[in-house]
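Next come two complexes, and both contain subunit A; in the first it sits with subunit B, in the second with subunit C.
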Partner chain A sequence: MTRRFIVEPRGVADSWVKLAVPVASVVAALVLGAIFLAITGNSVIEVYAKMLKTAFGSWRGFSETLVSATPLILTGLAAAVAFKMLVWNIGGEGQLLIGAVLASGVAIMMGDNVPAVAAVVLVISAGAVGGALWAGIAAAPRVYLGTNEIITTLMLNFIAINLMNYLVFGSFSPWRDPDATQFPQGRPISDRARLPEFGELIPGLKSFLHRLDLGFVIAVVVAILIWVVLFRTPWGFGYRVAGDSAGAARYAGVKVSRTFFATFLMSGAAAGLAGGIMVAGVLGKMDPRSLELGLGFTGIIVAALARLNPVVVIPVAILLGALINSGPALQSIGVPSSTAVMLQGAILIFAVAGEFLIRNRIRRPDAVPTEVSEAEGATA
Partner chain B sequence: MNESAEIGLLVLAIAAGTPVVYAAVGEILAERAGVLNLGVQGMMLVGAVAGFWAVFTVESLWLGVLLSLIVGAAAAAIHAFNSITLRVNQIVSGLALTIFGTGLSTFIGRAGETQLAGEPAPKSFEPLLTGGLADIPLIGPLVFGHDILVYLSWLLVAATSYYIFRTKPGLALRAVGEDPPSAESAGIDVAKVRYIHVLVGGALAGLGGAYISLALVPSWTDEPIGQAGWIAIALVILASWRPWRALFAAYLFGAAGQLNFYLQTQGVDIPSNLLAMLPFVLAILAMLVLASGERARKLGAPAALAIPYSREQR
Partner chain C sequence: MRGINKSFYGVKANDDVDFDLGVGEVHALLGENGAGKSTMCSVLAGLYRPDSGEILLDGEPVAFGSPKDALAAGVGMVYQHFRLVMNFTVAENLALGHPDVPTRLSEKDLVAKAHELGDRYDFPVDPNAYVWQLSVGQQQRVEILKLLYREARVLILDEPTAVLTPQEGEALFRTMRLMAEDGRSLIFVSHKLNEVKAVSDRVTVFRDGRVVGSADTVDATPKDLARMMVGRDLDLPKRSGSADRGAVVLSVRDLAVNDDRGLEGLRGVSIDIRQGEVVGIAGVAGNGQRELTHAIAGLRAPTAGTVELGGKDVTSRTVAHRIDAGLAYVPQSRLGVGLASGLTAEENLALKGYRKPPYAKGRLLDQDVFKSRGDKLIDDFDVRGVRPGLPVRLLSGGNLQKVLFAREVSQDHIVLMARSPTRGLDVGATEQVRNQILAERDAGIGVLLVSEDLDELLSLSDRILVFYEGKVVGEFSAEEATPEEIGLLMAGHTEEGAA
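On to the complex of A and B.
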């Protein structure tokens, strides 16, 4: 049989391939976006220049990009940590929202009665706990009954969205601001429970970092911590072995289902922490309109582009944060802000397709394969 | 509640359920072939905007329907290529399609020279019969009071159900979703069967979307379909991959929504947000009952769902 191309599994992809594929995905998405922009009669260069300028062209813009990136680092981690272990938690969206519900609930309950630092710690921890609990609803049946977590985590997103909207728009719950009668809104939390902005801690930074708060630092620290846990501890070793092969892990004495459960909850906690940080940080309340941006789903894009590496999640989240931040600014030049959403989707489509090139090698039939033995050794 | 209000409610429930019926039947076909497509919401949205655009520019309803089918299938082709040819992760690929479709539909509605957003459809699907048979009490409006796409959806459900369970290609479809290697040994082209059903599934999702923008609420706004695509995915599980059950479940939720509107006018307030959770809560409960393995398979869950198939790695 003669074929024009032969596709064969690579063993371990070269690092240039691992870098080139995500970069190419972004470029391809921008090209696709350019086609749609051109068809609809918009100036491609003007649009992309505007996005770049909005996201990175000024200190204010850059700080807003980091503000947008903060929850994405955490939802990106949520997806990366889970997917690496083959935990298909696609419920980051719901876990973030329930994190926000619990965090704002704790903040409202405490009022002004708890000293500042403790209040902040309690509120954002409540976010993480909320996310972990919400993930637990899917994790427990997965581990004890074998219930497929793809659908349960997905469905829990929409339960969470409707629950949050119920608390603010559909009822007079403690989450709803009693003073906002015309347009329902979340009840503002005490200033004591708010994460400090950089500018408040070091006044000189105010003109550079504007409203960026410590949430960004927390997100970065969590990313690094997770990397350390996964790559530098015995537990992390077991986790990585279990992610590659549950059988091998069991043989090596790793408690696979316990590791699976822990990973699932950790993933949920990361997404929930994102919600808690948003409430304690930029939002100061459970504001459904600002929380329901699909940040959990965008986290999956972040994880895919970062190829599930917890530290690489940070720069990728900043890139996606730039995209989210620059979207609304396009309206000033008559281009819909949804351009940014379209680009996000396109990036993910190309990134997931690109996985094929990372896993496989395509060559001409006449070319002599050079690393066959290595490839076979790694896939065996 | 007087009688005409009751009937009106049921007619509206059927209309409200119809987009979900189309999308759910489409997803049943894809999943029966072993491909999980979480891009339903995105395919519905691009179908909805494509159909609306066609009707808005050339004022032909059937061209709108045709375009929504084509665009839905084209969107599904992305997922089919990713999951069948490239064999990459179906979950992530489907979600990517939803994000892309969501962004693209809103983009199309606002980016062009003529803005679609905020515009009513110049033409829309209306009930086929007014007067005559439709005036028969009770069954008149229920049986004869719908637009043609509702009748087509009934035909579709009947045909799909027959196709899946009573025909040879339907058997091949189920084999591909259950046990691709055996299907391949029996001479079935697994990739081809999967491609066809994912594409048809996408076309139906596109039509379901267009039903919203051309019949249910004949106009264009950003993301006009609510959570319909996700509800369709939930219904596929609740209906245990059976078209008729999906139809009745879709009408049930349609009725629940309409009943709630009605009760609100009567001063009874069931929070609509809580009601909106219902399909998702029930789908999770169904998943818990199905649990895994035997019971799920007996009920119709395709065993090879979301698992890529490679002839070489058999």
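On to the complex of A and C.
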């Protein structure tokens, strides 16, 4: 029996590989999408051109792409921070929603009584706290009792969705907008608690960035901050050791459970912050239809494609933001908007499969062994 | 085997290797780690395909595409890491992958055959036992049984004694001799000279991927073989008198610690170690050594007793506190405990000190210090194979241990605790580690050395304590200790005790 191809681990993946594989996953997803579009009788070029034009073809389109990217940066961070530490938090969705619930709750409670800057800070922080608390519900039993956080975080998503809807649909809920007569809607929050748009701060930017608000800047700053914490602080070093091998971390004096817990809460806080920023920013209220877009789940795709690097999350989130942004425009040319969602899914599959190519290389068998005794290979 | 060449990543692991194995012969392969022994065996067993060269079996050229092909031709290998299914019984493991199961071979036949083979070669194994219930030595027997079952005529044993107690090792040698008398041929990989002398008929020495020589074992003196192996005369490190003993730096009082199953793993042990003293702990693995070192390091809370470092009670203090109090610790598992396998050598060298200056500067880490200190230690300790960004798991065992030692002895410390520090290392690396331990002692460090290698304990320790079932069952000074006495105590005074 001869093997036709042989797989072996790479020692150090070249940086071009680390870049090429994610790019190739996106391209492969687009090719797969093209095949699907062609089979369903659509013009591939027309659809992709339309998407590109919608997402990046105009200042309005581009600013909308960034608006869509803002929560994705944060949910992407939520997943990246967690997964690197082997915290399988897939509850970003629920944490985002609870963040929105708490943020809007705080905003509604404050009314017009708190000065603008403080109000915004409080509302956004409430979002982060909400997300962290929701993550904590899964984190505590995980750390102390060893429950499976994949199951608990996933289930908590559904509780969060229904809780949010309950708060909007419930007749006596303070979250419900008393003026929304046709369909229940979240109560609008005070303008003082709203994140300012770029156009409001610098009038000249209005015609370029339209309704993009400071939430985008906050998300970018948080991403950079998290990168610094993870890669440039003692805590982050302990975090990386614990994520690599818990045994070594314990041996080196890292408090592994505590680090795990903190990571879990940090992850939830990032997702909750996304909810808070949406409420204080573009939405201005807890609007279930605009919050339940699966942004928490899309964050997992962002994290995977960014290879869990907090800074790389930013461009990847913009890319996926473009997809989300361009989806609805496809309807105008008679293509279902879910095409964009399908592409997202395809990108995730290729990105995860591509990870294998980053870690391993595939060769013809003549030159290279099957199971390299790694030690032997790397010495000398 | 003729003219075998095999390269990994462009490094020649086997360079034009010729090797002959006679029928009914026990042929030892001797050489340092990475000398090419395991590579040649893996080629022979069909795991690797040679880049060039040929294998002749009974004069016929053969080409094995996989271990399955090799086994079908009667060539099988027992790997250092066993390939057994823990949740299966011995018989089920034997059945696994056997072509005659279940059509032509029933479970009853399997069990009967297992008994028969066990009797014939004097290594009884209960075929109905689950593998996880067996000791490492018994698991190894199952691996050998698997090969005998498939009628292997050539058996390759890759460092089989590394995991065995001395008694188990001798039992294995008996079995090997019996198999050889039965007309089977055995290849025995080792880097222990005395074992090679004890069991083999012929010996072939490897160095740097080449065969440097073959000889009948009776004609070869240990000194010659050692010289061939390392390419120079070997100085076995020897204690030179005793260093000045100072104050007690590590004191363990009536320590009791539970093992992973919640049973008493360590039962009321007291040890004092002074400055400039090496205290050796002898014992078969699993007699409380792990619990002792874990409790001292702070990885496991004792149920009773105290641990004092430098005169201060640290029994309830954290791991980090003990590191700061001067505990250096070389654990048995290099990867996964001593070193974070996915991190680089530089990062691993900072593993203990990263919380404090110079690594930490204010709230941030100083990347330049990581690099400069890392480079210096890598240089000082002659760590080879390091490349920027390379995860340490891709370094060889000897180099891993250098990284680990470099970190532990370069920090401020008063006690060095080491478990099996030379396990799996080649002669050169072993020598370096042993010299380092003696240098530590001479520098006034208190050393706690836990090892299963009696020769090592005897050559390095000032005092030896023997552990059996979580208790100290004997204490010897360096002068009065003999391997025989210690071996008996390790085995709990009975032959069976060791298994």
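The rule we apply is simple: the second predicted complex is superposed on the first by the 363 of 380 C-alpha atoms of A that agree within 3 Å, B and C clash if a C-alpha of one lies under 4 Å from a C-alpha of the other, contacts with A are read in each partner's own complex, and residues count from 1 in each chain.
As a convention for this text, a residue touches a chain if its C-beta (ideal position, glycine included) is under 8 Å from a C-beta of that chain, and two chains touch if they have at least 3 such contacts.
Because the structure is predicted, anything quoted here is derived from the model rather than measured.
In the superposition on chain A, A:T233 makes contact with subunit C only, while subunit B stays out of contact range.
After overlaying the two complexes on the shared chain, residue contacts for A:S245 are found with subunit C alone; subunit B is out of touch.
In the overlay built on the shared chain, the residue A:G253 is in contact with subunit C alone; subunit B does not reach it. Look at A:V335: by the touch rule set out above, it reaches subunit B but stays clear of subunit C. Annotation for subunit A, partner touching more residues between subunit B and subunit C: B. Within the superposed three-chain model, A:V12 lies in touch with subunit C and out of touch with subunit B [touch as defined at top]. Applying the stated contact rule after C-alpha superposition, one finds that A:D112 touches neither subunit B nor subunit C.
Interface of subunit A with subunit C (complex): residues 1-3, 9, 11-12, 228, 232-234, 236-238, 240-241, 244-245, 247-253, 255, 365-380. Contact residues on subunit C toward subunit A in their complex (touch as defined above): 6-9, 11, 13, 33-34, 38-39, 42, 47-49, 51, 65-66, 68-69, 297, 299, 318-323, 329, 331, 333, 335-343, 347, 350-352, 354-355, 359-360, 363-365, 367, 384-385, 387-391, 393-397, 399.
Across the interface of their complex, subunit A is touched by residues 36, 38, 42, 78, 81-82, 86-89, 91-93, 95-104, 106-113, 222, 227, 230, 233-234, 237, 271-274, 276-277, 280-281, 283-284, 287-288, 290-293, 306 of subunit B. Residues 36-37, 40-42, 88, 90, 137, 141, 145-148, 150-152, 154-156, 158-159, 162-163, 165-166, 169-171, 294, 297-298, 300-301, 304, 335-336, 338-346, 348-349, 351-353, 355-356 of subunit A are the ones that touch subunit B when the two sit in their complex.
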